[in-house]
Amino acid sequence: MFHHSSKLQYTVTVDTPDPQFAKLLQQAIGGVEGEIRVAMQYFFQAMGARGDDRIRDLLMATATEELSHIEFLGHAVALNLEGAPVTVQEEAAKDPVVNAILGGANPRHLLSSGLSAMPVNANGVPFDMSHVYATGNIGADMLANATAEAGGRVLASRLYNLTDDTGMKDMLSFLIARDRMHQQQWLAVIEELGGLSASLPIPNSTPENHEAMQHSYYFLNTLLDKEAPQGRWSSGPSLDGRGEFSVKQQPEPEGQVPSLGKARPNSGAQTEQM
Amino acid sequence: MFHHSSKLQYTVTVDTPDPQFAKLLQQAIGGVEGEIRVAMQYFFQAMGARGDDRIRDLLMATATEELSHIEFLGHAVALNLEGAPVTVQEEAAKDPVVNAILGGANPRHLLSSGLSAMPVNANGVPFDMSHVYATGNIGADMLANATAEAGGRVLASRLYNLTDDTGMKDMLSFLIARDRMHQQQWLAVIEELGGLSASLPIPNSTPENHEAMQHSYYFLNTLLDKEAPQGRWSSGPSLDGRGEFSVKQQPEPEGQVPSLGKARPNSGAQTEQM
Amino acid sequence: MFHHSSKLQYTVTVDTPDPQFAKLLQQAIGGVEGEIRVAMQYFFQAMGARGDDRIRDLLMATATEELSHIEFLGHAVALNLEGAPVTVQEEAAKDPVVNAILGGANPRHLLSSGLSAMPVNANGVPFDMSHVYATGNIGADMLANATAEAGGRVLASRLYNLTDDTGMKDMLSFLIARDRMHQQQWLAVIEELGGLSASLPIPNSTPENHEAMQHSYYFLNTLLDKEAPQGRWSSGPSLDGRGEFSVKQQPEPEGQVPSLGKARPNSGAQTEQM
Amino acid sequence: MFHHSSKLQYTVTVDTPDPQFAKLLQQAIGGVEGEIRVAMQYFFQAMGARGDDRIRDLLMATATEELSHIEFLGHAVALNLEGAPVTVQEEAAKDPVVNAILGGANPRHLLSSGLSAMPVNANGVPFDMSHVYATGNIGADMLANATAEAGGRVLASRLYNLTDDTGMKDMLSFLIARDRMHQQQWLAVIEELGGLSASLPIPNSTPENHEAMQHSYYFLNTLLDKEAPQGRWSSGPSLDGRGEFSVKQQPEPEGQVPSLGKARPNSGAQTEQM
Amino acid sequence: MFHHSSKLQYTVTVDTPDPQFAKLLQQAIGGVEGEIRVAMQYFFQAMGARGDDRIRDLLMATATEELSHIEFLGHAVALNLEGAPVTVQEEAAKDPVVNAILGGANPRHLLSSGLSAMPVNANGVPFDMSHVYATGNIGADMLANATAEAGGRVLASRLYNLTDDTGMKDMLSFLIARDRMHQQQWLAVIEELGGLSASLPIPNSTPENHEAMQHSYYFLNTLLDKEAPQGRWSSGPSLDGRGEFSVKQQPEPEGQVPSLGKARPNSGAQTEQM
Amino acid sequence: MFHHSSKLQYTVTVDTPDPQFAKLLQQAIGGVEGEIRVAMQYFFQAMGARGDDRIRDLLMATATEELSHIEFLGHAVALNLEGAPVTVQEEAAKDPVVNAILGGANPRHLLSSGLSAMPVNANGVPFDMSHVYATGNIGADMLANATAEAGGRVLASRLYNLTDDTGMKDMLSFLIARDRMHQQQWLAVIEELGGLSASLPIPNSTPENHEAMQHSYYFLNTLLDKEAPQGRWSSGPSLDGRGEFSVKQQPEPEGQVPSLGKARPNSGAQTEQM
């Protein structure tokens, strides 16, 4: 069960409201790199967690933290929208600076939300929940979570560079820090479970007789005019320690020509197809 | 530039066509765990790749392989739809077996595609390209790719269990194998770049003075009635070797109460809010 | 800031797991009538609340409750999926009962989530955040909230009728009760603000000289072959007490024929349009 | 059956075409607050209307009016796009005013529609029909309709403030008026059916033994650090006249810890979860 | 301006209600081949029509007809849902026939709409307005319309084969007929404008010096292991009468290797990319 | 099976990087008129092709070419983003030119992709695969393909007018040329199959006794105040040579008033509806 206390997790101040930056900040709320995504992803993973209960607790505790991140980011968006123009004035229509600001802001921040945050990204596209990755496989889910936090910290770092506002920089520096921890926390779960080599391949429960092992360790070079790039992936022991990497150059197709023959009567095709 | 040869990458046979399994297979084509996603994700990452050109080649070569996976899966769906009923007959209407088959199949496999594959998932929801993760940060992207392949192999393993068809099992065993390789290949890129500890935190180019380092290494326990779960994430050196994990129990909010005050005139609020 | 305690808000038991009912329950999680929607709607309204701080607190408190509803519904879905078939067996393939169950279940409950809840509706369509209605106008928002709870209670009542499971009926009877309270709570805010007649028209802050008042109180009967339906809406004082309802029969258009003339050169039209 | 006459419902003129305002106006066509939504919502409610035929007629008549609103708004968008630049000129590339205009306009108004209206919102996001709320319950539907008209009038009022164009102000004043009527018309249906107290709870046909009535009338205060806000919702008779409002402070969870145990073999989980 | 008369455009009867067929019929309402799409497509094309006013009238008249098609199809869905089970009974739970019917029906036809039509397709996916194609180019639009009607008649023909109900067959035979006319009507507009050869290439207003004409008439054979297929497209005069078709075999790329070099500082990339 | 060679199909140069033009170019990648759409549409049509194998080869060869178009357009976007600002500087914040550029660019080109192409349109809306039209009917599919290429060439022509960059104009002139060929190539398939009159109506395999032929050849004039527009569509032989066009003026509805009666008990309606 969830509870709420009335203060924000972290102090948010905005020295100079900036409607354009409000638009950019939306990516951290409703973007695929944003906080709604991680809050919901960890929440659904927690609800489906099977096995070690510590992982469920980790997931739920961090889902709860991410909800608090949505909250202070939402406040930051509203503060950046303070003072944004809500009526058009004659002088503004001719002022390129004002026009530029209006042009670069999200008009729905006024039209739809009345100067507050929305669950959309920096293009105004609403977040959709298909981005909540929760497979029931703890290895796949921990990688998904580390990925989400990597994207989140990339985003927060870019946002940091795009503002001069002291308050905004301070808030973003907090997010940059928490995303560092969260990246590590999910990868630490993999460590706790024996490390990457024990976890791979994901799922590690698939019986080997379900797998065409002769195809499990080569890099397929589908490039016609280049040698395969050489590196850790092209030779030496595989990361799971059970095979040896190799390269398959200029592969010939192994399958058939996929002809489906004629269309069936009554299937809605043209007569010429039958 | 892309090229095509007329044979499939891998032989596809279906011993007993099964429209219900055709519906399930769609998840491997148009699901978030499916082949359209990885093909497009690696393709867009390749187009935006900066730095070591080997990585761009790896990405493009594997994008190309994934396109070939879409192709043979699409053929598998069409073969499973061979013989599916296209007209209703009086006896069928009363036959629970036929009804069950029709009920469990995707009706759009007849209505919309005329007995062939569609770019949709097992619920008939079209794939949307917001799932193409390509950040321009090679660390974030490699984790995203390993995640995608983990989800893909989980899916292929589940599909393998849901069919008795020899041909389908053979095809899925090939996918299970390739997904093993692809998981490792992307993680091997991280190894090549110095390993996880060198890559973390992602992005590793963010200056430390952009980060509130005092918040970078603690697990925040937002659970009111439980101790924080203990593990690799709660104590000991951080994975990036630059800090020490700790736990922050029962946190007090650090921020303010986020009151926005009154609504502005002309902002479309109710009079009572002003 | 949010917090979490480890127990569910309400006890959830399932006497007989039913994968088909798990699919139906998803509507209460990820449908437009579901709990993700209300949790997020109240949360975003709270973050944008201006004026009376009591309303912000009401919104945030109830957002927090709805998060707890997601949590126990998610558990209910997982319990209903216990024992669902994860492999196909020869006898099952021929058993119409098993086939019917599989046909009526959501295959992604196995394929994608590994037997747990997803943020999707009963058709497997993911929730998208465009359904979070938060206008910054408290009158519009309270109506939106009462609407959401009305839809929610309609849904819960229908679900109640579709299960014989004692545990599920008990859980749904709790939701039916909470939705009763929530409907009333949002409408009570309107009462607190002076009642409907004081709130209408929404927004009540729009100056009357922004409105073509001669068009404000008639029902427009666009039906060619019927008299306008008579009722509270067709005569008598308006609900806001500032006008008198009437009917405008068989209206003539007041506007012009909307001809746009020729297409401009270089606008990508056909030559014949220019 | 529908019919059409060639003139617009209302005269539309634009004194000074403004591509930026064309973009804003799109919200009134293809936004969730817009005319496509209400036209389709009332149309689908009418098609599913059961009970009093007057309501079906009301719904269909107003659906028909809203189609006419789409039509004149579509014309308004096209008129605002008259004269928008379709080729780039050297001087424009350096002129910040022109650049600002181009930056603030929707480029798809040229690229995709050739200077005419599209079924998208002010961010260019297409309208999707999941926003058509039609439950088959007349109480829920009337609230949904009043909500839609409230959002619509908020939007029209904001748009009115964002233009100086006499023609556009005139057109918007007409929409502001019609939305006033439509808000009242749907609420008047509830009056006709006995008023809010008779309608609540929605659905009012759910038997009370389907409801855990002990949970039907308290406000749940999930806020840890604040008293529940006091008001019409916290004490006194409930709006449906069948109960008494109260507050439940600092609730303890009533449910269990939701542990799912181990993952099943063959379910695609990691070995460590089994 | 639109008007409505109370009778359906065409008589709709259902001899034996069939909830599964109700689900299939939804494709004709809310599918990409359905009536909402054509109604809205012709409506938006009409609103943006420039040039010959007859075309605008054709578009608006047919948009209006398609609205009437939605209306009678919506009624057909509701009639097919008459008598669908709304409560579960003990015997039904064990009856495979009933289960098959429930499994094959759309549960949201009860849960969300209360036994009436929804603006969704046969998979329950809501229609989204991005499918409204209206380019402002009459040639492109007429092809798009003929395409939509072709898809519509394919769908209606398939639906016809999937029902034994006399009433449903009669209604579908009407749609099959109207779609024949509509296909021809849009292609007849192209005839009226001089025929295909005059219309091609679309847009026919693009100056030839904007086009790399040396690439305008060859079929590019990207197949590595096959000769190009021979036909009307590979030799002989082009359809626009301005060129000669040819085949370009085994093409060499004409472009460069697309290397982007290093990532920029402060761009959020990994250090190794810089 | 697919293969790749390392050079682009066509040389791409950008003389002066322009982040605003990068945003516009996205329409040609991820718009409904763009290259992802045609690549995937032809690919899925090829996978489902039944009948003449030459058509399957045509489809697959051209799908492959379109993938190469995505590739060089993706490079063009990245080149236009070279030099775009990644940090804010004090002078920039006050410079209207810089602000205008930032306002008119897509912020996600930095925030999400790190200065490279994304699978989105010019509004930042991701491409969704519901736009892949592949019906299994070759007539419907060829029209859909000609439509897609018509939209594509309209778009490329408009983009050509919106840039002064020599390199971009050259690249677009290549696309304008290829789209000319592709339009003709798909229409040439219809010629090869006997021409339009033999193909119509689509599907031409529907038995005439499935069609209410008395409704197959009239234009329905639903306009109340205008004669039907006269033209090739209103009189003379039909395009399929099997009928004669006519006009049906001021039609009376042929159907019934669609009343559904009362709502059923337990269906979630209000008591007043029962």
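Note that the chains take the letters A, B, C, D, E and F in the order they are written out, and that residue 1 is the start of every chain.
As a convention for this text, contacts are C-beta pairs under 8 Å (C-beta built on N, C-alpha and C of every residue); 3 or more make two chains touch, one makes a residue touch a chain.
What you are looking at is a predicted structure, and each value in this text was computed from that prediction instead of being measured.
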Any chain in contact with subunit E as well as subunit F: A, B, C, D
Maximum centroid distance from subunit D, chain identifier (CA atoms): B
Winner on C-beta contact pairs when A-B is weighed against D-E: A-B
Distance-maximising chain from subunit F - centres being C-alpha averages: C
Subunit A and subunit C, separation of their C-alpha mean positions in angstrom: 26
Multi-partner residues of subunit E (each touching 2 or more other chains): 1-9, 32-33, 47-48, 50, 53, 57, 60-61, 64-65, 68, 71, 75, 78, 86-87, 96, 99-100, 103-104, 110, 112, 114-116, 120, 123-126, 128, 130, 135-137, 139, 154-155, 157-158, 161, 202-203, 205-206, 222-224, 226, 251, 253, 255, 258, 260, 263, 266-269
Contact graph of the chains (line, ring, star, complete, other): complete
Subunit E - residues contacting subunit B, complex: 20, 23-24, 27, 31-33, 96-97, 99-101, 103-105, 121-125, 154-155, 158-159, 161-164, 222-226, 251, 253, 255, 258-263, 265, 267-274
Subunit E to subunit D touching residues, read off their complex: 1-9, 30, 36, 40, 43-44, 47-48, 50, 57, 60-61, 63-65, 67-68, 70-71, 74-75, 78, 112-120, 126-130, 132, 134-137
Of subunit B, residues touching subunit E in the complex: 1-7, 47-53, 56, 86-88, 90, 93, 96, 99-100, 102-104, 106-108, 110-112, 114, 120, 123-126, 135-139, 193-194, 199, 202-206
Parts of subunit C lying in touch with subunit D, wherever the complex brings them together: 3, 5-12, 32-33, 53-55, 57-58, 60-62, 64-65, 68, 71-72, 75, 78, 86-87, 110, 114-116, 125, 128, 130-131, 133, 135-137, 139-140, 143-144, 146-147, 149-151, 153-154, 157, 160, 169-170, 172-174, 176-181, 183-185, 187-189, 191-192, 196, 200-203, 205-206, 210-224, 226, 228-233, 238-240, 245, 251, 253-258, 260, 263-264, 266-269
Subunit A residues touching subunit E - in the complex, by the definition given at the top: 154-155, 157-158, 161, 266-268
